[in-house]
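What follows is a set of structures for review.
In what comes next, chain A is part of two complexes: it sits with chain B in the first one and with chain C in the second one.
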Partner chain A sequence: MFAIYKQMWLVNWAEQWQYRANLLMYLAFWLVSPIVYLAVWTTIASAQGNINGLTAPDFVAYYMMLLIVDIATSDITIHIFAYKIMDGSLSNELVLPIHPVLQKVLVNNLAFKALQMLALVPIWLILYVLYQPVFSITAVNVLLAIPAIAFGFLLQFFAGTTITCISFWTTRAWSISDFYSNIFRLMAGQFVPLALLPAFMQTASQLLPFRLALYFPVQLLLGKLSIEETMLNIGLQMVWCVILFMLFRVVWRTGLKKYSAVGA
Partner chain B sequence: MYILKLLSTSIKSNLQHDLAYRADLIVNLVLSLIGLGSDLFGLSIIYANTNDIGGWGPSELIILLGVWRLVNVLMNMIIWPNTFNFNMSVHDGSLDYTLLLPVNSQLLISTKRIVIWHLFDFVIAIGLIIIGLAHNTGITSPLQIVAFLGLTLSGTTIIYSLWITLISLTFWFTKFGNSIVIMSAVLDAGRYPAHVYPFWLRALMTFVVPVAVATTVPLQALRGELQWWQAIGFLGIGLIAVWLSSRAWIAGLRRYSGASS
Partner chain C sequence: MQVVNKSLERPTPSAGTDPIVVEGLSKTYQVTDREGGFGAAMRSFVKRKFRDVKAVQNVSFRIGTGEIVGFLGPNGAGKTTTLKMLSGLLHPTSGTARVLGFTPWERNSGYLRAMTLVMGQRNRLSWDIPAADSFLLNQAIYRISDADYKRTFDELNELLELAPIIRKPVRNLSLGERMKCELAASLLHRPSVLFLDEPTIGLDISAQVRIRAFIKEYNRRSGATIVLTSHYMADVTALCERIIIIHHGQLKYDGKLADLSRRIAPFKLISVTLGECSDCDLTPYGTVVPSESNEASAKHSVQVKADEVATITARMLAELPVIDLTIEDPPIEDVIERAFHE
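== the complex of A and B ==
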């Protein structure tokens, strides 16, 4: 089992390197919007001292941390897998003794992520010098952030694979994925720290799982959460991971039956 | 005259194409409205916390959103779908058939695919501009509106010209087909006035992907912040960009040798 993952990692890692120019371009997508929001909110915060108690340096620290966590927990399944369902090349993968999603897409995701992180390091350091964020990072928080980020990624991975599997029935999986990103932008803290949302949106964002994949790990790393809150949120992440995993299994199995029916 | 004829033929055939997917149309319109909702919601969150962004009030940000969405209509309606077609046709050589036709090839590759339903987004964008203008109290002379409209048009043309130049580069560097991704990433910065950004991002969105020229500059004209010679200068840059990009296209075509040779 482990040997399969290891071998696939090696293949994927080498494959990703072939497309390093493309990787840099996709990195731009992850970079521009946090920097835009950083600029907008720091401009406002420094014009009036603070926004709801958040000062300009708070926003800088928030978005600088978000840059890292966003890449770590994001999922690219729809980009690398939806077309295989649509054009039928999934058939080639189904005959292999490897799970097309839980093994292949997962490893592909991780290899892509690892390279994006490598490319991010120099850019992040330049931004660090430019903005000089002040972090209060403790060893405990970093340790706790490891499971928080891992579960945050799994959460998005199972949500992304479920959405991608909708391609078995309709070509509109892309539209649903766009819709997901729109909600995610507001509810996970990409646009603004959730504390600045209007009251009803804050309640909604607390109940929905999106914040667990981004806002929670960021706040944890910034040292804004107590141990109890952190443990509660990691517990919630696990629950959502299980729910979304079950959902994926159901959609995948029924989808596959539908798929083989098309080929027959 | 034949340009109009060509355009109307292309629109007709694309309309037939799109009407084959009527259910998609409904889904797309709903998603487009949700997108508008989330954009406006974003602005309302910002203005719930402040009175202005770098001196610009809500009505100005709504006009800016309209202009920015106009550029996005160009991207989604023409640039993205045709880039995809074009890259494929360079790889598999089917560009030959396009070039054999006795019409302007640049026009042909930029209008082969027009995603008609984005006209809905176009109407939304124009609506935002009109609503914003109606609520704007800072306009003192009609000349400001004229300059605003002229610069919006020329700014959008500059973005189009950049695209033509980028895809012309595909003739030299096949892998360049993806440079459009960068364009679209930087475009996102056009939602807000450029002067709130750090120097390097401002430089990037003025000189590399001139989205600021297409969005912030027209708004500056509307606010009366541009001298007349600056406005004329930006219009001139628009014309030069069109000319340069068509030269790049022709030079690129000379390099193209078909897929088989």
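== the complex of A and C ==
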């Protein structure tokens, strides 16, 4: 079984290197927003002294950590899979004895993530020199962050694959995905750290799963959470992963019955 | 193209169990239906109209081990839809199918490992990397041991002359070269059932001949069961003893290709080249067929009933200044065309 993943990784890695310019554009797309927020909030906080108790160095540390976690837990299924359902090229994968999503798309996601991380290194180092963030990272937090990031990614992966499967019914799954991304950015703490949201939105963000994929791992790595809070959040992540996985399975199976394998 | 060994051979299913059994298979698509124009677009936005398209209706057949069956029909007849159901891509609206004992659309991995689907216009190779890398990926996906992989690859290489082309990125290959690699990638796991949808489409004549010879040889060596669709009659006549004709989703004919001519078109073509004859009229002998030749060669063809060939030939030889005379079966394209519309 490992051999399959290894070969899929190698092939996908090779394919993505063929599209270096594309890769850089994606990376830029991914990094522009957090870097802009980093600059804006840091400037405002410097001018005012603090915003609701958060100082400029707090914002710097928050967004510098977010840059890493965002890439680690993000999901690109809609970009690499929706078109296959729409144009019928999914057929090529359905005849193979592997799962097109739970194996192939998953590996593509991870291979892309690895490349993004490599490309992030120089950018992150430049920002580090410019902003000089101060982190108080402990070994325990880093260890706990491993499952937190893994489940954060799986959570986004199952949400992303479920949304992508809407392509079985409509050719406009992208707009739904865009809507989801915007809600995600707001409720997961990318526009602004969740502590600065109005009270009702903070309540909403607590109930929704989005913060578990971004805000929670960032706060954990920044040392803002107790062990109890961390374990509770990891438990919540697992529950949401199961719910979203079940949802994906239902949508995938129903979608396949609906699939018309167009064009081929 | 000579045979060097028999290693593609695999055990055949026990006697009496046909690898492909299809009973009452039907597929109805629901498609949106709207007229052109802005008004129609707005109305369709509010309320969509759907229309049922019966792509395949109540089709039944069985195919035995090692058979090569041509699946024929005009565009939109339901051939590809049937093939897609048999390869597990589509769920039928009703009916059953068992292929190698599996229900295809359950997509059991045991089934997917034992069959292959080749679509002429589709690719299972990644465009950006050499075919050799895609082959290795297939080796991993199908869990082929190194020894089996090497043996099968060597054999496919011998039949398809792959070595010079598998190191180039697939996007730089010609259509014919790509098709060879597609076929190889589809066969590395030695499937015992092959669904080939237009395997020679778009290829030049020599590439078509090579692919055809390859399919025949693969079938001979491996005993694989092959269902193939093609618009090229040369594919069908070269490969398929048996054909299934489908039109408007319904099965029209299932039997030997040779019998089809006798059943559908019990007539022959008598072609004559005539000497000096300005007012020769061929209509009393049979139906005059527009001939390909020009006026100068004075070659004419008449279509006559098969059981009258001898009498009419004798009459023509006696009554006309015949220089040359040939008796032919009608072209298979015509026979099949007639079968579609009967």
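In this section, the second predicted complex is superposed on the first by the 259 of 264 C-alpha atoms of A that agree within 3 Å, B and C clash if a C-alpha of one lies under 4 Å from a C-alpha of the other, contacts with A are read in each partner's own complex, and residues count from 1 in each chain.
Following the convention adopted for this analysis, a contact is a pair of C-beta atoms (placed from the backbone, for glycine too) under 8 Å apart; a residue touches a chain by one contact, two chains touch by 3 or more.
Everything quoted here is computed from the prediction, not taken from an experiment.
In the superposition on chain A, A:Arg185 makes contact with chain B only, not with chain C. Within the superposed three-chain model, A:Pro97 lies in touch with chain C and out of touch with chain B [touch as defined at top].
Within the superposed three-chain model, A:Tyr259 lies in touch with chain C and out of touch with chain B [touch as defined at top].
Of the two partner chains placed by superposition, A:Phe200 touches none, neither chain B nor chain C. Touch criterion met: A:Val36 reaches chain B, while chain C stays clear of it. In the three-chain superposition model, chain A touches chain B and chain C at no common residue.
Within the complex formed with chain A, the chain B residues making contact are 24, 27-28, 31, 34-35, 38, 41-42, 45-46, 48-50, 52-54, 175, 178-179, 181-182, 184-186, 188-189, 191-192, 196-198, 201.
Interface residues of chain A facing chain C in the complex, by the touch rule stated above, are 3-4, 6-8, 10-11, 14-15, 18-19, 89, 91-92, 94-98, 256-257, 259-261, 264. Taken in their complex, chain C has these residues touching chain A: 29, 80, 84, 87-91, 107, 109, 112-113, 115-117, 119, 121-124, 126, 128-129, 133-134, 136-137, 139-143, 197.
Contacts from chain A toward chain B in the complex involve residues 21-22, 25-26, 28-29, 31-33, 35-36, 39-40, 43-44, 47-48, 51-52, 130, 171-172, 175, 178-179, 182, 185-186, 191-192, 196-198.
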